[in-house]
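First chain written, first letter: the chains are A, B and C, and each begins at residue 1.
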Amino acid sequence: MFEARLLHGSIFAKVIEGLRELVNEATWECSGNGITLQAMDSSHVALVSLVMRSEGFESYRCDRNMSLGISLVSMSKVLKTMGKDDSLTIRVNDDSDSIIIAMESQNQDKFADYELRLMDLDSEHLGIPDTDYSCTIKMPSSEFSRICRDMSIMGDSVLVCTTKEGVKFSAKGDLGQGSIRLVQTTNIEKEEEAVIIEMKEAVALTFAVRYLSMFCKAAPLSPQVGLSLSEDTPLMCEFKIAEMGHVRFYLAPKIEDAEN
Amino acid sequence: MFEARLLHGSIFAKVIEGLRELVNEATWECSGNGITLQAMDSSHVALVSLVMRSEGFESYRCDRNMSLGISLVSMSKVLKTMGKDDSLTIRVNDDSDSIIIAMESQNQDKFADYELRLMDLDSEHLGIPDTDYSCTIKMPSSEFSRICRDMSIMGDSVLVCTTKEGVKFSAKGDLGQGSIRLVQTTNIEKEEEAVIIEMKEAVALTFAVRYLSMFCKAAPLSPQVGLSLSEDTPLMCEFKIAEMGHVRFYLAPKIEDAEN
Amino acid sequence: MFEARLLHGSIFAKVIEGLRELVNEATWECSGNGITLQAMDSSHVALVSLVMRSEGFESYRCDRNMSLGISLVSMSKVLKTMGKDDSLTIRVNDDSDSIIIAMESQNQDKFADYELRLMDLDSEHLGIPDTDYSCTIKMPSSEFSRICRDMSIMGDSVLVCTTKEGVKFSAKGDLGQGSIRLVQTTNIEKEEEAVIIEMKEAVALTFAVRYLSMFCKAAPLSPQVGLSLSEDTPLMCEFKIAEMGHVRFYLAPKIEDAEN
């Protein structure tokens, strides 16, 4: 049997919302250590990697390793019915072809149980090499979402340039061109609002805004996003899942002259 | 002449919003006792019965009985223009073929008058037999609305089962299946949030979610909804109209094996 | 060079939002005195005139008169990216074919720069004769927006009638007819909520609701709107731009018998 319980079920709902636009269905790998998931989007351009460690759950039990093929779209529908303060239990009984999603209201007067059929999915483990990035940017998730939205007005691609002073996003297209520059935070009072750039080497890389915007669906998971960049290397865009793991998105840079 | 005045016109707007999706047009029966309306939906599956007693109005005058054919869709449009705290007067002059809807702002600086043409409708009085139901559930209207919405994700039909401990709603379909169980309230502090089950006999009945969802359009009328159930008998879903009457919806159960 | 800076950039965004539905693109006339714009809507029915005086800007520089052909639709998209408390600088360098829109966050940690291509537009200066109106109505902008919306439910045209007691808007159509009467404010405590009618002569004029509704897009600019009316003369609908100018819309009355 597999059973994992979260006191704040909304965390799980945010994970699913963060993934489901990029990958409609995916295989969850459940083991004693926790839940992991790796998947590419349907056009095989971006990759997502999820880790939720067992110790982050209220209770966690996994008798044997399981690969669960799950429709994130269906699961999203079910999780949207969850109350704001509901607890959540995910369960798969032995020899069962379905996953049980159980929600309980805080004062124990409402119990919702859903059962979704599991899917047979081709599982592909994707090796993600450890990379020593040239540059890491930490910034508020909401600001990153907003920049992706604003840049998408101007063009399909966004150029990300880092300097010691800050980071600049720019795009151009039919309307003209635009850029947004964030200044590195010097006096950090509110850590969640800080913009911090750790840089060994300056980078200037271009990415498809469409994918960055999809990654931002995971922004509600964490007040800060981490962007790790190196020339000729996929961007890693990370949202931490409080105390228990992370969602990481990977996207290869576009090959074009970065002169805009 | 017919003239009825409500200090809080919004009550009337909520009545119309509660009915207009189920019945686009209907005949209002006005008499010295008040306003009543009975109508079936266009597919002749569900029935609605409205009672607004004369003493619930700020002032009420009905010189002779009148049957008024009214487009609820048009009336809804007009009532949506009403200010939050406006008073409302409905008037039909003798020998007139239109109904006058007059709204006044609380501080008497804005007066809106609308005149809608009356319609010739086939009036049908539908005998609704008094039923001694096996089971009556009282629960928060907002919770019932939410359950109908959540169950509609899982399937077209919802099975309602009552026990002494509580009530269970369940549905199944392509995605899988789901159920929501509400526990009977034992310690009633907030009457409006209570779930109370009065049961002579347990019931297990299946209904079309689509219709239940339409009934829920009347939920803003009252913090509590009453569901009255008996085997092989139409469900009665009642929303009280504060101190003055009620909206009652009737829906026959689906005939299928209630084994899910 | 032309350069104009506003501490509260949102004023400029509201100006553009107020105009862009009526005129998609227009020529801005920039001089030492400020910015003016005159344009007709694409169907040549309504006219808009904008004045933003130089002294209303935080800083203002215009070395020589310039006519700038600008897509208000594109500019609206760019201005929607502006933060609530951002300052705004508009700049056109000499011999440049583009306009630069620069936004700065209040605490100087975010800088957005956009460059939009200028357009070649046929410039037409439209003589607007000074009129001595029979009647001027001042009323809350939000109330005027609401009345236009409510009257549009009843018909395409709205008849505006003034008397010493107040002003009445009415419309009729397939549903029936409706009217809204505002009473002149006698005891003015809150100037912004007052309805004031200055009248030499009563008027009864009919206008296309569609255009009045478009004028209302400028309502966020000012808590009060001014409507100036004379028989056989275009209505002037004015929204002041705090301390610096105004947006004025002109619309000829419909020629029909005003007997409704």
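Just so we're on the same page, contacts are C-beta pairs under 8 Å (C-beta built on N, C-alpha and C of every residue); 3 or more make two chains touch, one makes a residue touch a chain.
Heads up on the chains, UniProt names are A, B, C = DNA sliding clamp PCNA.
Small disclaimer: the values here were computed from a predicted structure and weren't measured.
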Quiz item: Shared touching chains for chain A (DNA sliding clamp PCNA) and chain B (DNA sliding clamp PCNA)?
Solution: C
Self-check item: Same-residue or different-residue interface between chain B (DNA sliding clamp PCNA) and chain C (DNA sliding clamp PCNA), half as cut-off
Solution: different
Practice problem: Could you grab the centroid distance between chain B (DNA sliding clamp PCNA) and chain C (DNA sliding clamp PCNA)? Build each centroid from C-alpha atoms only and quote it in angstrom. | Solution: 44
Quiz item: Which residues of chain C (DNA sliding clamp PCNA) are in contact with two or more other chains?
Solution: none
Self-check item: Residue ranges of chain B (DNA sliding clamp PCNA) in contact with chain C (DNA sliding clamp PCNA) within the complex
Solution: 74, 77-78, 80-81, 98, 108-117
Practice problem: Report the residues of chain C (DNA sliding clamp PCNA) in contact with chain B (DNA sliding clamp PCNA) in the complex, numbered from low to high. | Solution: 143, 146, 149-150, 153-154, 175-183, 185, 195
